[in-house]
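Just so it is clear, A, B, C and D label the chains in written order, and each chain counts residues from 1 on its own.
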Amino acid sequence: MFPWNYGFHFGAASVIFLGAFYTVLVVVATTILNALWRAHRDLSKGKVEDIRWHSDFHDLSAADRTCRHVLTGEIKSRECPHAFDCRECETHAKRIALHPPVRAAEAEAEIFGMSFPLDRMYHRGHTWARPEADGTVTVGLDDLGSRLLGTPDAVELPEPGSRVQVNGTAFRIHKREADVRVLSPVDGEVVETGSVDRGFFLRVKPFADPMDMRHLLRDAEVKPWMMRELERLQLALTMEGASLPSLADGGVPVADIASAYPKTDWDAVCGEMFLEP
Amino acid sequence: MKNSRRDIFKFAGGAVAGALFTPAPWRLITDAALWSENWPGIPRPARGEIRARFTNCALCPAGCAVRARCVGEQPVSLAGVRGGLCPFGLTAHHLPYHPARLKQGPIEEASAAVAKRAADGIAVLDLNPGRTVSWTYRRAMALLKGRYLAPESQAVAYDLSAAKTVLSIGAPLLDGWGTPANVIAARRNFRLIQAEAVESRTAVLADEWIPLAPGTERAFAQQILGALQGGRPSVLASELAGNGPSLVIGDAPEIPEINRLLGAWGKIVVAPQEAPVPDSWTRSAAAITLLADVPDHSIHVLLIDESAAASYIPWHRIQPKLANENPLVVTFAATRGGYARHAKYALPIAVYPELTDDIAPAVDSIHPTFRISVPLVTPPAGLANPAEFVGALAGATASNALRERADEIHKAGLGTVLTYADAKETPVKELTPDAFWKALTEGGEWTQKGARRILSQAPGKSIDPAVRPETAIDLPLIAIREPGNPALVSPLMTKLYQESNLRLAPNRVALHPDDARAANLTNGARAILQTRAGKCSVEVTVDPAVPPGAVLVGSSPGIQDVCAPGVRAKVVSA
Amino acid sequence: MVKEMDKEFITRGVRRCSTPRFLLWLAPWVGLLLFGAYSAGLCLVKGLNQTNMDNRYAFGLWIFVDLTIIALGAGAFFTGFLLYILKFKELKAVINSAVVIGVVCYSGAMAALMVDVGQPLRAWFTFWYPNVHSMLTEVTFCISCYLVVLLIEYLPIVLKNRKLREIPAFLVFEFELHKLIYVLAGVGTFLSFFHQGSLGGLYGVLRGRPFAFREGIFVWPSTFFLFILSAAAVGPSFLILTTWLVEKITGKRLAKDRVFQMLARISGILLSVYVLAKTVDTLIWINRTSPSLGFTASQYYDWKPFGTWILFAEIVLCGLVPALILLTPRLRARRAWLIPAAALACCGVALNRYVQTVQTLALPTLSFDKFLSYTPSWQETGTVLGVVAYGVVVYSFSFRYFQIFPEERELKIEVRPQAEEEPALAGRF
Amino acid sequence: MIAESKKTPAARYGMSIDVDRCNGCGSCMVACAVENNIPPATAGATDRTGLTWIRVFRIDNGAEGAERRSAFVPVLCQHCGKDAPCVSVCPQQAVDVDPATGIVGQMPERCLGCRYCMAACPYHARYFNWWDPAWPAGMEKTLNPDVSPRMRGVVEKCNFCHGRWHAAKTKAVANGKTEIDPADYIPACVEACPSGAIHFGNLNDAATETAQGARLPNSFRMLESLGTDPKIYYQSKKNWVREISSAPRPAVGKEKARG
């Protein structure tokens, strides 16, 4: 193995064989060390939430990764290459520049009996962000999200003062067997926590002022997105074995959908809907 | 400075990385390699200066000269001085450690019991006659009015070097028959015809092998005798007569007469000669009685000397000679496998190379010789000395007999002594008695190469012509005997018996594949060997070299007790 | 709540049986595994006299099994190679399964080898004093390196477990490692290429065994290349077979038909190339190699029971026939053809390994040798069964807790309508 | 040491065995076992699991009945001179060829017991320690001090009594000689053979009996067609015995030699 070991001959065979062996060792070791070093760097830079989202996003089925502009029918098919962070997206920027989002006619969109006030912006993980007058942003579950989780069994909110980031965990909600990580629509520092009854869960002081909210859905985008989400919900329910009247029949999602499907794997349904495969 | 856990990890990591650049870990690996190359638990041979010591092998009458490589006093290998040794002799230095060796026995109790009943009718059965101790027995028996018994033997010696054609009827000529060095030296000069049922080790090297039907050796001998006597001519008989001097050897009773007709009697077949014996011994010695000549039920006390037994006599031939009521049998044995099975007392004896004994002349030894097997290893305590035991019964001291005999030889002043260490031959006349004794006990041989004596007694009283084949439908096989083994063999003989099947192990029988199949036996199976005389548990070897209809039997005492050559036998699955 | 004890470890959205049921399924395999451990323990403590191998049959059941499972485990390297290097994206559906099979096969083979050698504690001498001219050195180096690579490839699958990835360090490491996985796939391909080859070379270089000896290119006998080809050819077939088997046992659909078809096509193409090469090699061996060593090839097949039928079975029945089926789109589209063809291909390679190891040693070389037979002792068989049980246990665990088939969730919906007529074994995992 | 062996011409030790003189007594086998500290067989050992560095095979001409003839052939490591099949296969250099003597050596201390060399050897001259070596109590005192006993799980084989070679070499060096005296170096089997069937010596030295035996017209080597250049030469005047040098032929209706 080494020139000083018994029986070592400096021949072509030895040099080629051991050369290849050491190369393999070096390559494998380098790869591992590289991965470890990168992981260490990520951890120290606090990129865990970012990576968790990227990893989750990567595992979403292709249909779930559709670009928002496909939902609105602007583009025929496109998979989001930026993990739903449209702030980095050139296509989005161009699109916005070409067709500024149409303001919706009413102040509130009603979709299958669910209300989506348009004073706020929606994250594809079923949260909304509403800029407040004091420069903070309130974060809450949208109507579909609320109905999916009904009255939560438990809510785990971050401590005020902690940080949340876009697509990172905002808070956790337990409902039946479901344990859902709700994704944050904004970057910032938590200044106040709410509750189901107060209508919001977090009040966040954004890092950047004004806050960049390009990645959130708004106005006319909400409706097509919601239609798509209901389709997904339908699919998820079917997949998880729901046998009760399906939504496609025109049924309106009840206030507590979970209780309507007692035999369904609610964890799987929520995972699907809250973008957490 | 405060040390965090992190700092400790960093330090440890740095230390490990740094250590890789020192020789320590590499050295450690190499040491681990060396350690694993020498597992513990394996015996370490004792080291020490190696020197050669010489003796004579006492395992059989061949008495080969032996050079022993010894570490200190312990022989670690044996080799022949004149040519190679047989496998038994080569490994004899293992015998003292044989697990089956008899190590303890009630010597005093036996002595008292024998002494008490000696007057009833005592006998000594000497299975290795012709030794100095045999004279001791004869003297003791004369004093005790007992009998000195020897197995039946032709009292002849053969001068192979004088033969031009040798016909061996089943004799293991090249496989332990005589002294290997003599036979191999003579082999170049004679044509060897081996007539035998199985292609034995001798038959393989014979110039011609005549395959006999099993059990027809006697008929074959009769045929030759008939041809020589002018009956139906036979090619073989003419060859023997025409290509003389010819010699026929074997067990058939016709053979002495054949040899006489061939002119070998007196020329090749001569009288065995003995080294000089003190007059006082010959004067007061009991006669040699053949076992067969002893009246039935006449022996009340039988002492058997099995040491270096040249042959084993089946128990069923000894037993009828014993008194009906409570016979006392004492055997001097190295193992429990022989007569110890039938004896009241089995007394342990020294084995070669522990023992001090002289060696009876071999069948091909035509000159008087005297060779002593001197101990290379100290015998353990608690062994019986047969000579002293028997001598003590008669009130005679026997412990110095060998020296007395040597002094007698020296007194005669004839012959020469060959010392193995320097390969020098010195006339006895030039030596003092002590120097002569020293030469004998440090590895030497006395021989008197004088004029040989012609046989005075002509052979062939009346030969029982009857060859009555045993008729037995229930015993389909005919036994053939593998040449004998010493009673005790080295554990290393597994190389030949078990790890290669080169030799048939003493407790085995070999069958032709067809016979094995008929008896539903496979190689290595346990089986029962049955004859008219009884049964014996054996292991089976399936060997196409065994002729169909025959069973080649090993030489263990158990098998010999029930199965003599030529008898009908059966092997059944155990 | 024993029933749902391990719920939080199970991938979201897949259906797995209850914990007691899973334990019930594992019980016999764990029993077998313990029996195997006992058998192997006997061989390690008392020595190899516990086996029925001997000086003439120096290799036995274990080597045959090792060679076979390493060939079958070749799916791991070959799928990785196709997916990460040649970018056959569809194979993402089975790559995890392939890696688990690889880990199982290679670690099982290594374990069996450790029992097989007389002094396992000295195994590292091969690294310390390597004889670079020995095929076995190449095998040892490559297999141990490749096992390390496989374990590293297996790591992301483990770390991706739902519960484990909640630990940030695991999550991040898995993410970063997965990004570099193509490097490992490349290294794995390189190593596999050489050890599959040198396993073939192992026997091909035996000049003293004209039945196995082959001429070759440079330092490698032709079996070197034949083994690589055959391993690459049956790796995908074995993946088809295992995936199908798991589907049958669990009553779930795990991979899209497209994946099966692709694997079948790859296997078919490689298998036909292999059959061609093997035929040419056999002809050269019969007509040139063997006679030049003084052995007429026909004599090998005169020792019963190893007649020429074995050659026919190896090349035609278990080579050409499955190759043709796998190459015919109409036939391979139907499970009734696809699965037997894949099984035949696997049998073919097993037979080839059997012939190379067992028949080689059975045939006499000296004219007074006997034709030998050998039956493995129960300790040998037990050890092999233990390795099989170990494989089943590891695979079952992996299947239950890790995402072995990423398409499973998607395919769940398609199997739904038949839910009522699920096979009895449904939900086993 | 290396410079020294370059000065003197390398020896090529070999044997010449006269099959016609071997009566199969087995002395060579036990002498070998004594010399090389080979343990006696364990209870379960057979002729396929034993340790017999030199093994005498009984062969026959394949005929049945009266035509059947046998011979004994001692088979030991043939010390292949060219492309020894066992040397290149050992993964950890436990097998080597001494260029000074041409002896194929085996280092059991280095061996991990993979048995690849055994599969490689066409002469089946390699043996594996299937059992822990065991001697009856006390018998370990008779072990040869010049040879280390081997442990279970390693391969061993004939090395032309390396212990004896070493002793001879030491003696030669002590006497200020570069070459060992042929009389000092005789393997145990050669010494033990009662019929003198085995001759051992330097094949490069044309004067030795061994080299002369190798040149006899009825001399042959086992499986010479494999091209391994074995250094054990056999002689026999019998045609059927000489045929054992060639490949085996199955017994399907053909006359053949078998063991």
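The rule we apply is simple: a residue touches a chain if its C-beta (ideal position, glycine included) is under 8 Å from a C-beta of that chain, and two chains touch if they have at least 3 such contacts.
Given the structure is predicted, the values throughout are model-derived calculations rather than measurements.
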Identity of the chain that, by mean CA position, is farthest from subunit B = A
Could you let me know which interface, C-D or A-C, is made of more C-beta pairs in contact?
-> C-D
So what's the Cα centroid distance for subunit B and subunit C, whole Å?
-> 60
Averaged over CA atoms, how far is the centre of subunit C from the centre of subunit D? Could you give it in whole Å?
-> 40
Between the Cα centroids of subunit A and subunit D the separation in whole angstrom comes to 76
At least two other chains touched by the same residue of subunit D: list those residues.
-> 46, 49-50, 93, 110, 132, 151
What are the residue numbers in subunit B that touch two or more other chains?
-> 30, 37
For subunit A, write out the residues touching at least two other chains, lowest number first.
-> 5-7
Subunit C touches which residues of subunit A in the complex?
-> 1, 5-7, 11, 13-14, 17-18, 21, 24-25, 27-28, 31-32, 34-36, 38-39, 42-43, 47-48, 51-52, 54-55, 59, 61, 177, 179, 235, 238-241, 265, 267-268, 271-272, 276-277
Using the touch definition up top, name the residues of subunit C that touch subunit A in the complex.
-> 7-8, 12-13, 15, 127-133, 137-138, 141, 145, 148-149, 152, 165, 168-169, 171-177, 179-180, 183-184, 187, 190-191, 219, 406, 409-410, 412-413, 416, 419
Show which residues of subunit D lie in contact with subunit C when the two form their complex.
-> 42, 44, 46, 48-50, 57, 59, 73, 75, 83, 85-86, 88-94, 110-116, 118-124, 126-132, 151-155, 222-228, 243-250, 252, 256-259
In their complex, what parts of subunit B are in touch with subunit D?
-> 37-39, 41-48, 50, 71, 74-80, 83-87, 90-91, 93-94, 96-99, 174-175, 180-181, 184, 199, 201-202, 204-205, 209, 211, 490-496, 498-503, 524, 544-545
Sites on subunit C touched by subunit D in the complex = 47-49, 53-59, 116-120, 122-123, 125-126, 128-131, 133-137, 140, 202, 205-210, 293-296, 299, 302-303, 360-361, 364-372
